[in-house]
Structure formats: C-alpha cells, structure tokens
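Notes follow once the structure below has been shown.
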Amino acid sequence: MADLRVNIAGVNFKNPVIAASGTFAFGEEYAAFLDVSALGGIALKALTPEIRPGNPPIRIAETPSGILNSVGLQNPGVDAFISGILPRIRRFDTVKIANVAGRTEEDYYTVIEKLNDTEIDMFELNVSCPNVKQGGVTFGTDPNSMAAIVAGAKARAKKPLIVKLTPNVTNIALMAKTAEDAGADAVSLVNTFTAMAINAKTRRPVLANVTGGLSGPAIKPIALRMVHEVYRAVSIPIIGMGGIMTGEDAAEFLLAGASALMVGTATVAEPDAMIRILGELNKFLDENSAATARELTGALEY
Amino acid sequence: MIKKHDICRVASLEPLAKDTYALTLKVNGDMLKYFRPGQFAHIRLPHAGEHLLRRPISVNTIDREAETMRFAFLIQGEGTRRLSQCRPGDELDILAPLGQGFRVKESHQKIWLVGGGIGIAPLLSLRDTVPGREYTAFLGYKSREYAYERKEFEGFCKAVHVTSDDGSIGEKNFVTEALRRELEKEKPDVILSCGPLPMFRSLKRVWEEDGRDVETQVSMEQHMGCGTGGCYTCTCMVAGAMKRVCMDGPVFDIREVKL
Amino acid sequence: MADLRVNIAGVNFKNPVIAASGTFAFGEEYAAFLDVSALGGIALKALTPEIRPGNPPIRIAETPSGILNSVGLQNPGVDAFISGILPRIRRFDTVKIANVAGRTEEDYYTVIEKLNDTEIDMFELNVSCPNVKQGGVTFGTDPNSMAAIVAGAKARAKKPLIVKLTPNVTNIALMAKTAEDAGADAVSLVNTFTAMAINAKTRRPVLANVTGGLSGPAIKPIALRMVHEVYRAVSIPIIGMGGIMTGEDAAEFLLAGASALMVGTATVAEPDAMIRILGELNKFLDENSAATARELTGALEY
Amino acid sequence: MIKKHDICRVASLEPLAKDTYALTLKVNGDMLKYFRPGQFAHIRLPHAGEHLLRRPISVNTIDREAETMRFAFLIQGEGTRRLSQCRPGDELDILAPLGQGFRVKESHQKIWLVGGGIGIAPLLSLRDTVPGREYTAFLGYKSREYAYERKEFEGFCKAVHVTSDDGSIGEKNFVTEALRRELEKEKPDVILSCGPLPMFRSLKRVWEEDGRDVETQVSMEQHMGCGTGGCYTCTCMVAGAMKRVCMDGPVFDIREVKL
C-alpha cells in the first residue's frame, strides 16, 4: 500500500486521481456508482456568470479510441451553483476545484469573486475550451491574452489558481511558462483537441456544432509529450491528463512530470473508472517498489 | 450502493425479425429490484477495443424469477452489429437500469401504448412491471419483415392496432393515424410512446388536435456518452431548459419536450 | 464504377489514393503484395542531399489506434536514389512524388535541383517532419520560414510543388495560406503529431529518440478538422491524410475538402490496404450515387 | 503474385511450457513453397481493434503435406496474450513468409544450432527444411518450467546440449559456455543462432575467442511496423549501414551486425 498523497500548491489531496472537469458533472450523479470521497479531488463542470444552455445536440461522437464532445459549457450559472448545488456536494470529503469559464475577462473574474468565499478549494481557469466560439480558447492560444487573464485572475483569487492549457498550440511549454510567470500556482493539461467527425453517407458533420473536442486514449501520446515538455519548462506543479484509462497510464503521466492526474473520458466510458484506476495505480507502485506516488513525478529516465 | 454496473452473462440471442434481435442477459437482483418500464441499459460492446462509448438499449422485458433482462434491438451500425453476434455464455459489461422511465400513476388505468419500429420494444416492459391495467397497443412497423413481438402485445392488451408503411402487415397507415381514429372514439388515461422523431412529430399533431387533455409521455433518443448524468452530451430541450435524456429522461411529457 | 480520376496542379492521377511518404519506401518492396501501378501515386521516402542513417532503434511504438515512429529521415541520399533506385521504379505506371527534406534551405534546393530533370512528377516539400532535431519542423511552424523556403523551392522546381504541413501548430489555415501565397501548387496534410510513449515499468521512453510522430486512426478527427479549415482558407488543391483505413474514411477527407488522399499507417498495418481502400471508395461512390470522386471534394453540408 | 497475405485458420493451440504456446495454422501452398528456415510471419491480433501493429513470430515447424505452419511463442504482453487465447477454427490475418532466414549452403554439412529461450523455436524449422545434415543443438532455457521442444531436437540432432540458468534442467551454465567447450574440441561448418541480445553478446565473445573461422549467423529481433520493408522502423546497424531486420534480416552475419 503505497503512500498516494500529493500536494498541489499547498492543497492536500489524499491521492492524485481527480475527476476532469465536464465529465463528472458536480459529482452528485456518481454517488450511485462510487464513493466520491475516495477520490483525490473533483474538478466541477465549468461555471460561467450566467446560465448557459450549451450547444445544440448531437453533442458527442465516437472516434477510434477517442470521443468528440461539443457540450459548449452548459451550466446553471455560478449563482445557481452556489445556492443550489454547492450545499448538496459539501458532504463529499474531497478537494473541490471550480472550473472557471467565460466569454470575457470580466466573466472569469466574476465567477472567481463569487466563489472566493465558498468552500471551493481551488480554481481551474479554463482558457482552453474549444467548444465556444468567442473567448475561451483564444485566451489559451495567445501568450499576451494568457498573461493578462492569469494575472487578473490571480489578483482576485483567494484560492490557489490552476491554469488549464489547450493542446491546440505550436508551443505549449511557452504557454505554460507564460501562465507561471503571470502567477499561476499550477497548470493542468491537456484540454481537448479541436477535431471533427463526418458522416460520409449523409455528407454532414456528426456534431451539430461541426467541430468538437477530442479526448481519450487516442490523444494520450500527444498529451504525454506535452506534459513532458511543460515539466522541463516550469517549476509549478502539473496536473496531467488525456486518455488515462488505467493505473499504468496514470503512472506514465507521473513519470512524464505530472504531480496529479485528471480522468475524463474513462469516466464517460465507465462511471467507476477512477476507483479502478486508483487501485491499479496502487498495485503498480507496490509491484514496482515505489513507496509513494510522488516519487514518480518526473522520474522518467532518458 | 445498488449494483448498477456489472458484468452479465448472455443467456440467449435470437433473431426476432429482419435485422432485429433479442438479447437476454442474466442480471443481478439489484438491477431488477427498482426497475421501472422505459428504463434502459448502457452496454459496452464486446471486444470494445477502439470503441469507447456504450450503446443505450431499452429494456424490452424482465423476468424477476429467472433474474433476466431482455433487450430487442435493430442493427444500425458497428455496435448493434456486434451485439447481434453475441453467443450464450459471453459476458457483457452493462450499466442498468438507467433513466427515469415512464411515470405510471395509480390513476392511469386505461393505458395506450404507441410504438414505432424498434421503439415498440420498451413498451413491452409494461406487461412485466405494471400488470392489471387496461392496455391498448398501436404498433407501427416498416413492413412485415421487420415486424416483431406482435403476439406478445396481443397477450396482454385488450386491442392491438397494427400498421405498416407498405401494408404488408396490418393496415397501410401511419401508426399515429390509427391512434387518431381511436382517439376520436374514446380517450385513455395516459399515452406512453416510443419511436423515431418523425413519429413523435406526427404524434404531437394528433395529440394537439384530438388528445390535448390526455397525458402523453414520449421516450426520446439522443447520442449519449456516460448514460449516468455526468457529461451533459445527451441533451434535449424540455420546458426551455437543456435536460439530460439519460438521467432526466428518456421519458418526457409531450407538452414540454421540443421535438 | 465511378470515375476516380483527379487532377492536382496539372498532374493527372488515375485515382485519388496515394501512398504516404515514408510508409511505402520507394515502392519496390510492395510489388510482392499489390499492383503498384494501380495506385493514384506514390510519395517516395524523404530524400536529403546526403545519405542519412536516421535515428537509433527502437523506432516504432504502438499506441491506442495509432503508431509512433521516429525513423528520422533515413535515406540513401538523392544521388544514390537517382542512380540506383529510380531506374528500377520507372516501371511503375503511377505518379511519382519526391518527398524533399533537409536541415537547411540549401539542402531542400539541392534535392529539388538534382531531381528536376528526372522522371519524378511532383515535389512534396517536407517542412513538417517531427523526427529531426534541427530544420524540418521549424520551417513548418513559423510563417516567415515557411514563406522563404516555399518561395525558394518554387523558384527552382521544374515540377509542381506540394507543401506538406505539420499539424503541430496553433493555426494550420494560416500556414497553408502562407504556403499558397509563397507559390505552393498544392498542400498535403497532415504529417504526424509530436508525441511520446512511456514504458512505466522501465521508466523509460519506448522510442530511443524519446519523441516520435503519431499517425493512424487516432488522429483522424483532428486531421479532418484541419483539412476542413485549410479548405476554407486556400484555393489550391489539398491532399488529405491522417488515419485513412477504409474507403469511407477516404470519402470523409474528400468531403472535408481534399482532392486526393494519402495513406500511410494503413499500409504499415496491411501491405495491400490501399487496394482495399480504393475498392471500398469505389463502392461507396456507387452506393451513394456519386459519379466521380471529384464531386465529393468540399461537398460537406453544414 | 505469390499469396503472402492471407486469412488462415487456427488448427490448434497447445501449451508447451510455462507462458509458452504452440500455434498451428492451416496456410496456403504459396506460403510454404518458398519457405526458408528462420523466416517469420507477421500476425495481426485477433479482434485487433485499437492494436494496429502485427506481431512478428518466427516459424517453428512446417508441414508441407498438411499445409500447416506452427509457431512457438512466449507471452510478453497484450499481443502474445491474445494469441494464447486463440481457439481452433479462429481466423488470423497473417503475412508469411517474411525475411531472408538462415543462409544454408551445400558446404554447411555440420550445423550447430544455438538457441536461447523462445529463440530456440525458429531453429527447429531446420529439421523440416534442410534435412540430411549433421546437427548439434545447444539449447539454453531459463529453467525447467520454461523448457520446450527438447525432444524434437533430440529427434534429429546428433547431440543436444541443454543448459539452464538455475540448473533445473540440463547443466547450470550459459548456453554459450557449453558451446565454447565444444568449440574447443571441434568446429562446425556453420553456427545458426537465435536468442536474446545478451546471449548474442556472449556468443560474439565466444566466437571471437574460439570460433573466428566459423561462419555464424544470428537472427535479430527489433520492434517492427510493416514487416515488409516499407517503413524502415525495424533497423539495426549492419556493416556500418542501417538495415531492415524484416527484409534484409532477420538473420545477419555475426561479423557484420552491431550487437
């Protein structure tokens, strides 16, 4: 039984497995399938200042070893979250991360300020959602916008700030470094790759939104490379993700440089996947004589 | 915790009609205990490999004594094709039962079932779960080759109205037109319906014109991810809000759901 | 039996299925498995001025629905190609495309000038190989370098010039437009995504080169999106690729905007895959009442 | 065109030793016609799904009359695990025969076979393809549990020297040390060898010290893509040039190949 505890930007996690934003709703739904308090943390569904209906359906497509989604940040708005949902998820004894989104810089700041005095433990700045036409992803692809919004968020946030990076860039190490220099306490990567599926018979895109975000094992090799590159570029902790389906996948991300992990698509495929992954990671550590999960971080030999 | 996620053994797989199969699984007691008609299972494909998504299939019949659940499905693509190749003894990873199902109240004594194509399948589960009501069924098939389970409906319904697109079985008519004809004569306490979107659109017209006071529930389809409410990919517009078909549905009130 | 002929930059292809560079060597090896002359064309293995040994092995790894390679442009050099190999592949009645690579701009020009008076039909400028440390990929990620090398190559090339784009960029439409404006006669995309695989037990990268290029069905949704984006940005023809394994995949790329297709990983998995894909594409066109392959190009409805 | 790519039916799958299996396939005549010892097949996994790459496995024995090819393999990972679950009647997509194999000349009358672990398997194909020579075998196993096919070698070799790492079968020694001892007594016309890289490194030392004049051929392993010479991923350094194991090899001269 290895020691799975990790610490990210001063926050203690009982283990490094965190639900990825947008794939675990606000956690409640999963109480029927697993002990939510057994998870290291949960990144909640993205929150914006106002209620958002998201994109029209069809919103999901299956691709080889991957899935495409175009949910488009559907959420009840930060106020409804605070009054209606937060009191119900208080009972989960796990780190709660608010995924913060919006169209404008002000949107992000509004969400942060409203959540500052709640029991949310951390913020995850979602500057990388490919499913919204304006805002979102542009912050994540341009270093100047990135610097501005991270600095602005950091100045307002009373909790540690994670910046979630998009993989749709030429140089992700540069974007990570920009976030670090602007005050980010940690980075998480990767969000989804902008992609599309076509139904050749109908000659139409499968998704109503035309494009969506690709996640799952298909992208794991690119995500691993990016975590590895970012690890060499920054000194803040990294939360790695992209196609983690097994404990061994989790170990690979730790070795590449991650201090903790997020799991998204695996949960979509199998509601209790994170519990299985935790068990497998534990077993992997034992079998490979690692006493802690922490010692794997960046321990890749090459 | 109720065991809603389990590995279940295939008890049998039989052809029902053209491209249509019945799959019977041996399931655990928890899956049957709280089962309500109209609920579905989310089935991981055999040798799933590169296929990450499960396939949602409504429960067709249940047998609490034998501890089995049966599904009827139509081959549409790779997923349903693979399911049609299952053999007894194979294992399938399933989530069940999911969704809210039909909301049948005490006051619903006279129940009309309106099904189109493979949408007929979930309606049969009423027989096993809500016995002792007065049922009438309206079954719309594409043609005789695709017709399945008519006998089963005759076994528990007072009347069964069969239509087909080409008249090769029953009357050549839209199933919703057969419904209209009967609605003009009498009204049930509730209409429970499942079928393709175009059928629901006709149903809505018939309902507006001849059945406005009759509570009508429709079971919607949508492409799904998790099936468990986590990913918000399976939405449809209900009373102005984006609802999840997997968790808030699949059954919605025809007055509220945008078709 | 649909009409499969296509024309790219004035060159006639009997059908749109072309072997992707680096996966079909110089074609000879495949005479044992298929009728090479039945293919629309073959993009030959990358050529550099001098012989290159490539990267050390292990050079390949399997990933979910993908493969990673780090061959690193191993080739006999353009002179040995012209004297030793070209005379032997003359017999194949198919469009022969030379994939041109190098470290410096001069390297590319040398290869082009040496091949100008041979029976090579087209050049494919490989500014996108992720497996060489210097050169290569930098030309493909920076618009200024791209403009310079394409203009330089165009000025020297006596055959039509295809520019092969890397997907490892923030804005591939911009890179394609840059290539078009600098004189490219066509673009081909995508080359591989920089990625890595880790063996968690040994704690080492699987590839000796640490990173490699990801190809195969895993990347198809991203490749399709990029072809679609480029189609809206340029008016020169597009050769699409990335995970084409079936005739229906091929049709999807045509619909997204490609005029022809390249097939790489499918050949690695199955030597005669291109013949199967051609048959399937033909059948698809017939069953979906398309009289020509050409009419699918860009015919996506949305 | 010779039919080197075909769907072949599994005739049998038997355990040979711990984690070691023999897979026999019914193959087409073309695959056997030009077969040379040391060649391999490139096998697509059953239900390959997300696994795009084939697995290279040397031919262990052939039977021209029954039109079968047999492979012996050791479970290493997912691919070989799946092969070990094949059942008679299953179909496998294979490419065979690939590579150059051992180059046995008329002058090679006295042939010594040196195999380590699963590398012993391809050496048995000499029995079926180059009969009438004087064979001596040196077989190195990890331990008794992993020992397989010793009997078969005894059936056609003048002498069989068995070693194991732990002495649980044969003498406790490196197989290359057993070879050294015999080389000090006499020299064969050729040594044909297959085994892991560390064994080849010892073999090279033994060869340098005691067998410099003896032609020695080693069968190399490398991670492979196509198996057919197209992708250049399977290289090793031979006489200063990067050669393809799949097409130029897998057998190379010990003087030339970088170990």
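In this document, chain identifiers A, B, C and D correspond to the written order of the chains, with residue numbering beginning at 1 in each.
Keep this in mind: a contact is a pair of C-beta atoms (placed from the backbone, for glycine too) under 8 Å apart; a residue touches a chain by one contact, two chains touch by 3 or more.
In this text the structure is predicted, and so the values were computed from the model without any measurement.
The chains that touch both chain A and chain B are C, D. With centres set at the average Cα position, the gap from chain C to chain D is 36 Å.
Here the CA centre of chain A is 34 Å from the CA centre of chain C. Averaging Cα coordinates per chain places chain B and chain D 56 Å apart. Note: centroid distance chain A to chain D, computed from Cα atoms, is 48 Å. The multi-chain contact residues of chain D, meaning those touching 2 or more other chains, are 50-51. The set of chain A residues touching two or more other chains comprises 64-66, 216-217. If the chains shown are joined wherever they touch, the resulting network links each chain directly to all the rest.
On chain D, the positions that touch chain A within their shared complex are 50. The touching residues of chain B, counted against chain A in their complex, run 1-2, 4-5, 44, 50-54, 93, 95, 222-226, 228-237, 241-242, 247. On the side of chain C, the complex with chain D involves touching residues 22-25, 29-30, 32-34, 45, 53-54, 57-62, 64-67, 69, 71, 74, 216-217, 265, 267-272.
Put simply, chain D touches chain B in their complex at residues 47-51. Chain A meets chain D in the complex at residues 64-65, 217.
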